[in-house]
Amino acid sequence: MELGIVGLGKMGGNMAERLRRGGHTVVGYDRDPDLSDVGSIEELAERLSPPRAVWVMVPAGKPTADTIHRLGEVLQSGDIVIDGGNSHYVDDQKHGEALAAKGIGFVDCGVSGGVWGLENGYALMVGGDDEHVKRLMPIFETLKPAGEYGFVHSGKIGAGHFVKMVHNGIEYAMMQALGEGYELIAASDLVTKVPETFLSWQEGTVIRSWLLELLNRALADDPELDDLRGYANDSGEGRWTVQAAVEHAVPLPAISASLFARFSSRQEDSPAMRVVAALRNQFGGHAIETAGDGDSPGADVSPPPV
Amino acid sequence: MELGIVGLGKMGGNMAERLRRGGHTVVGYDRDPDLSDVGSIEELAERLSPPRAVWVMVPAGKPTADTIHRLGEVLQSGDIVIDGGNSHYVDDQKHGEALAAKGIGFVDCGVSGGVWGLENGYALMVGGDDEHVKRLMPIFETLKPAGEYGFVHSGKIGAGHFVKMVHNGIEYAMMQALGEGYELIAASDLVTKVPETFLSWQEGTVIRSWLLELLNRALADDPELDDLRGYANDSGEGRWTVQAAVEHAVPLPAISASLFARFSSRQEDSPAMRVVAALRNQFGGHAIETAGDGDSPGADVSPPPV
Amino acid sequence: MELGIVGLGKMGGNMAERLRRGGHTVVGYDRDPDLSDVGSIEELAERLSPPRAVWVMVPAGKPTADTIHRLGEVLQSGDIVIDGGNSHYVDDQKHGEALAAKGIGFVDCGVSGGVWGLENGYALMVGGDDEHVKRLMPIFETLKPAGEYGFVHSGKIGAGHFVKMVHNGIEYAMMQALGEGYELIAASDLVTKVPETFLSWQEGTVIRSWLLELLNRALADDPELDDLRGYANDSGEGRWTVQAAVEHAVPLPAISASLFARFSSRQEDSPAMRVVAALRNQFGGHAIETAGDGDSPGADVSPPPV
Amino acid sequence: MELGIVGLGKMGGNMAERLRRGGHTVVGYDRDPDLSDVGSIEELAERLSPPRAVWVMVPAGKPTADTIHRLGEVLQSGDIVIDGGNSHYVDDQKHGEALAAKGIGFVDCGVSGGVWGLENGYALMVGGDDEHVKRLMPIFETLKPAGEYGFVHSGKIGAGHFVKMVHNGIEYAMMQALGEGYELIAASDLVTKVPETFLSWQEGTVIRSWLLELLNRALADDPELDDLRGYANDSGEGRWTVQAAVEHAVPLPAISASLFARFSSRQEDSPAMRVVAALRNQFGGHAIETAGDGDSPGADVSPPPV
C-alpha cells in the first residue's frame, strides 16, 4: 500500500527501505533534502492518494508533537497518522483527540528492533481503533519479523507506547539482574572463569535470553569489561514506567531499583551519601575512635558502639 | 566410564538414565530398594573399580552432608565425590577439606535443567581441581546439552554451587521484572490484550527469553492467571545470593527486592505495615479527619496535612 | 492583622482559632453556613480591607484550584492568596502565574501539625516572593510553634509545598524503618520483650524521635498491634516525592521502597507474584517434585535443582 | 557493687569512670599498662570477690571471643561475664554455652551512647537470664541515662545484641531517608534555602528526631556539605540486620536499600553498571545513533527506539 513517512533518520530510513522491499510505495519527508523525497509536508500529503496513512518517526516530545500538529493541518478526514516514535503514552491521547476532531485517525506504535530491524523485522506494539489498525495491517505485516510473533494490537490509543514503555522497564530490571549477578561473581575469589560462566549459561539454564547473549558478545570483546565505565544513561521510558506505576499504585521495586542504579551511576558524588557521612561524623567520627583495647587504637576496624 | 550415583529421585534417576543412554556404566544407590541397584553405600563402593567417582544427588543440607561423610568412610585415596545437589557453597569447602584429608577428591556441580534434562541435557557449573574435573569430563559431556554451551568449570571448590546460586538470584530478578511489568500492564485500562502483548514479545524484542516463553505458556492456559495465588516460595539460593552479596559488600538492589517480594507474598498480614498503620493512626487517624470544607466531610480522600 | 480564610474544617477552623487567640482579625468562609462568617467568597472579600490576604485551606486538587480561581475573580491587585493545603507543587506555579496576571500575589505554605497545631503551633514551610512573605509574617509568627524553629521561607513559589512533600517522603521511610525493625525483632525468638525494647529506645539512642514516641504510644495501647491490619494508605505526597525524584534523576531507593510497601499492603493478591508463581509452576512445579532420595518424596522442602 | 572491666579504650574507660562516679568499685584490665589497674586477667579475677562480674569491652570478633575464652579459664562457677561490645548475636549463644558449661553466667549488652555516654548515660539493651540480669542491675542503673528509659532486658542470651543490631538497621534507613530528602531538595531549583529548611523542621514536624538535629549541626558548619565526600562506611550491624532478615524471611526493603547505598557509595566504578553499559552498547550504541530527522543528528537526546 501507499505510506508517507516523516523522519528518515536511521530508524525511519530503514523502515522505509524494508517497506519498499516488501512492495509498498513509500513517500518520505525529511528536513535533510538529501534524504527527502519531497520538499515539504504539504507535498508529502499531495503525493499520497486519500485515504492517506503517514508514519511519524521523529524524536519524541516537541518534534513529534509539532509534526503531528502540522499533519493535522495538511491531512484530511479519513486519513491516519501513526506515531512510531518513543512518545510518552499520555501524549498519544492528546494527539489522538486533536486529530479526531478533524476526522483523522491516530495509531500509536512502539517499535523495537534497532539496526537489526531492516533485516529481521521490527517488533511492533500498536494502540488505536480496530478500524485504523486493520487498514494499516499490510504495513505492519511487512515491518514485523517473519515469525508468528512480534506484532500486537494491545488496545486503545496509547496502549502501543504504554506496553513498549513497560517492555523497556522490564528490560531495565533484566539488565540490572545480569549486572548484579556479574558483580557478585566477579567479587568471589572462588570463581576464576567469569566470562566462561556467562557463556555457558546460554544453554540449558533458566536465564537464557537475548540479553545474556548480548552480554556474552560484550565479554568476548572485553572479558573484564575494562574498556567501559560503570555509567548508564536512561531513556524516558524507564522513568515513565516508574511514574506510571506510582500513578496506578503498582509496586515496582525491582524496576525502580534498576532505574535508581542508573541515576547513581552517573553521580560523581552522592549528596544523599554526603548526608550519611555527615551524620556518621556527628555521632561517631569525632568522638569514639576506639571501642577496644587502649593499646590497639587501630584494631577497631568495625565501627564502635554508638 | 563408571559412575556411582547416590540418590535416584527424579533428578538423580534421570541423570543415571541419560548417562546409561550415553554408554556409561552407572551403579545407583537409593534408600528406596525399588530404585536402588545395591543394598548399601558400601556395596556401591565395592561394585566400582578404583579410582572411583560417586555423584551425590540428595537434598541439600544434612542429607548431603551425611552422604558425603559416609562416602568419606567407604571410599579411598584417589576416588572423587561430586556433589550435584543444591548445596550452599560454604559447605563445599568443608566437604572438600574433609575428603582431601583422606586423599579423596571433591567436585561441586550446580545443575540446571529439571525435567527437560533427560532429553535436552543439563546445564552444569563445576568447581574443583583441574585434575578432578578433567577425569570427570566424559560424564559431564554426556550430561550437558548437545550444543556448545551448557558446561563450565568456573573455578575452585565451591565455584560451581556459587555460580549456580547467582544464576538463581538473577532468575529471581528476571521473574520479578516480568511480574512487575505484567502487573502494570494489567492495571492500565488502555491495554485490552494483555496475554497477546506478552506473546508478541517473543520475537524482535530486547526481553525475549526462556522465562518469557514460560510465562506465555502459563498465560495460554490461564489468560488472567486467575487460578493462581500471588504467593511465591523461595529456595535457599535466593537467600544465599543476598547474604553472599552482603558479605562481599556488593549492592544487589533488584535481586534483594525480588527476594523480599516473595517474602511479602507469603504474609497474610505484614507486621511492618501494622506499625505504619499504627503511626498513621497516632498522628492522623484520631484527629484530623477533614482538612477541607466543613460541609464535605467525605471529600478529603487524600490524607490531611499532618 | 486581618486575614480571610476559606475552608473552616478541622485544620482551617483550628488555624482561625489560633490566629484569633493571637490577636488577629479573621474572617472565615465555609460552604457550611454553621461554620462560616460570611455568605460567600465575594462577601469575604468585601469584609476585608485592601490589601487583603486570604488563606485557602480546602482539599488539594480541584477544590483548591476552584477556590483560587474564584479568589482571582473577587480580589484585586495588591492582594495575596495563600494556599495552605496539600497542593502539588506543580500546581502552585500555575496558580501563581494566573494570579500574577491580575497583580495578585501568591504564597504556598506546607503545614504540619495536625490536631496538636491549635495548642502547639504548626510547622510552616513557605514559598513565594520575599515581599509577600514579609507582609504575611505576623500571621506566620502566630501560627508557628513558640520555639525558634518551625517556620521557613524555603524559596520561590512552589518551594513550600515542595519541601513539605519531601518532608512527607522522609516520613514514609522513617515509618518504614521502624516497621521493618519491629517486624524483625518480633520474628526473633530471642526477644521476649518487644514493646519494652522500643520504649527503652526513647532515651540515649540514635533513633530517638517523635515517630518512635508515637509508636510507643500505640504499643502501650496494643502491645502486639493486634487490633490493626497491616494496611497502609498513602497520601499524594509520597507519590509526588518519588515522581519528582524520577524527574530530577535523584535515586530514592528507601523512600520508594516505603511507598511500594504501602501499595503492596493494600493488595489482597499481587498480580506480579501470580506471575512469579506461574513461572515457578512452569519450570518446577509439574515436574521435579523431588530432587532427593526416592524414598523420601516429601523431604525436599527446599525447591529442587532447576 | 564490684565490677571487672576488660578493655579500657574510649568506651570502656568512660564506662569505668561513670561507674566509679556512681559509687561502684571498678577493677580494669587493659593491654596498655598505662590504662590498666592490674597486670593480667588472672590478677583481675583475683582482685574481685566472688561471685564476680566482669564486663568485656573490646572489639567484636576475635578479640571478644579470645577475652571471653580467657575469662572462662580464670573465673569460676557463679561468676558472670557481660559482653558489652558490638558482637554478632549468633556468637553470644556460643559464648553463653561455653561459659554455662563451667557454671559461669553470660549476659550480652548492646550499648548506645558514644562520647555523650559518660555524662548522659548509655542506652543499654540486655539479653540473658533473669537471675543474672537482676544481679547486675546496680551496674545497669548507673550506666543508663537518668530518665525512665534507656534500659531494657529484651530477652534471652543474644537478645541484647540482636535488638541493638536492629536499632542500627533502623538508624541506617533513617539516615538514608534524610539523605534522600536532602538530595531531592537540593536538586530542586525552587528551593533556595536548604539548610534553613532542615533547621525549621526541628519543631512541629513529624520527622523531628535526634538524627535531624545532628544533620542540622553538620549543616551549620558546612551548609552545602562541601567538605565531605559521599562515601559511607558500614558497620557489621547493618549487614547482620539484613542477613538476619533474610534468615527469618522478613522483607527489609528500606533497610537493605540503605545498606546497598553505602556499598555503592564506596565504589569508584560499579561492575554491575559496566554490564548495563555494555548491554546498552550492544543493542544501541553502535547502531541506532539517531531515531530522528536525518538533518538533526544531535537532536535525539532521549535514546532511540530499541
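Here the chain labels run A, B, C and D in written order, and each chain numbers its own residues starting at 1.
As a convention for this text, contacts are C-beta pairs under 8 Å (C-beta built on N, C-alpha and C of every residue); 3 or more make two chains touch, one makes a residue touch a chain.
Everything quoted here is computed from the prediction, not taken from an experiment.
Number of steps on the shortest path from chain A to chain C, with steps defined by chain touch: 1. Common partners of chain B and chain C, by the touch rule above, are A, D.
Ranking all chains by how far their C-alpha centres lie from the centre of chain D, first place goes to A. Both chain C and chain D derive from one sequence, and where they touch, over half of the residue numbers involved are common to the two copies. One simple way to say how far apart two chains are is to compare their mean CA positions; for chain A and chain D this gives 41 Å. For the pair chain A and chain B, the distance between mean C-alpha positions equals 30 Å.
Between the Cα centres of chain B and chain D there is a gap of 33 Å.
Residue positions of chain A touching 2 or more other chains: 112-113, 168, 176, 178, 180, 183, 187, 206, 211, 249-253, 257, 260-261, 264, 267, 270, 272, 283, 306. For chain C in complex with chain B, the touching residues are 7-13, 30-32, 34-36, 57-61, 63, 84-86, 110-115, 164, 168, 171, 175-176, 178-180, 182-183, 186-187, 211, 214-215, 217-219, 222, 225, 228-233, 235-236, 253, 257, 261-262, 264-265, 267, 269-284, 286-297, 299-300, 302-306. In the complex of the two chains, the chain B residues touching chain A come out as 89, 112-113, 117, 120-125, 127, 144-145, 147-159, 162-163, 166-174, 176-178, 180-181, 183-185, 187-188, 190-193, 196-197, 199-212, 241, 244-245, 248-255, 257-258, 260-261. Residues 206, 234, 239, 242-243, 246-247, 249-253, 256-257, 259-261, 263-264, 266-267, 270, 272, 283, 306 of chain A touch chain C in their complex.
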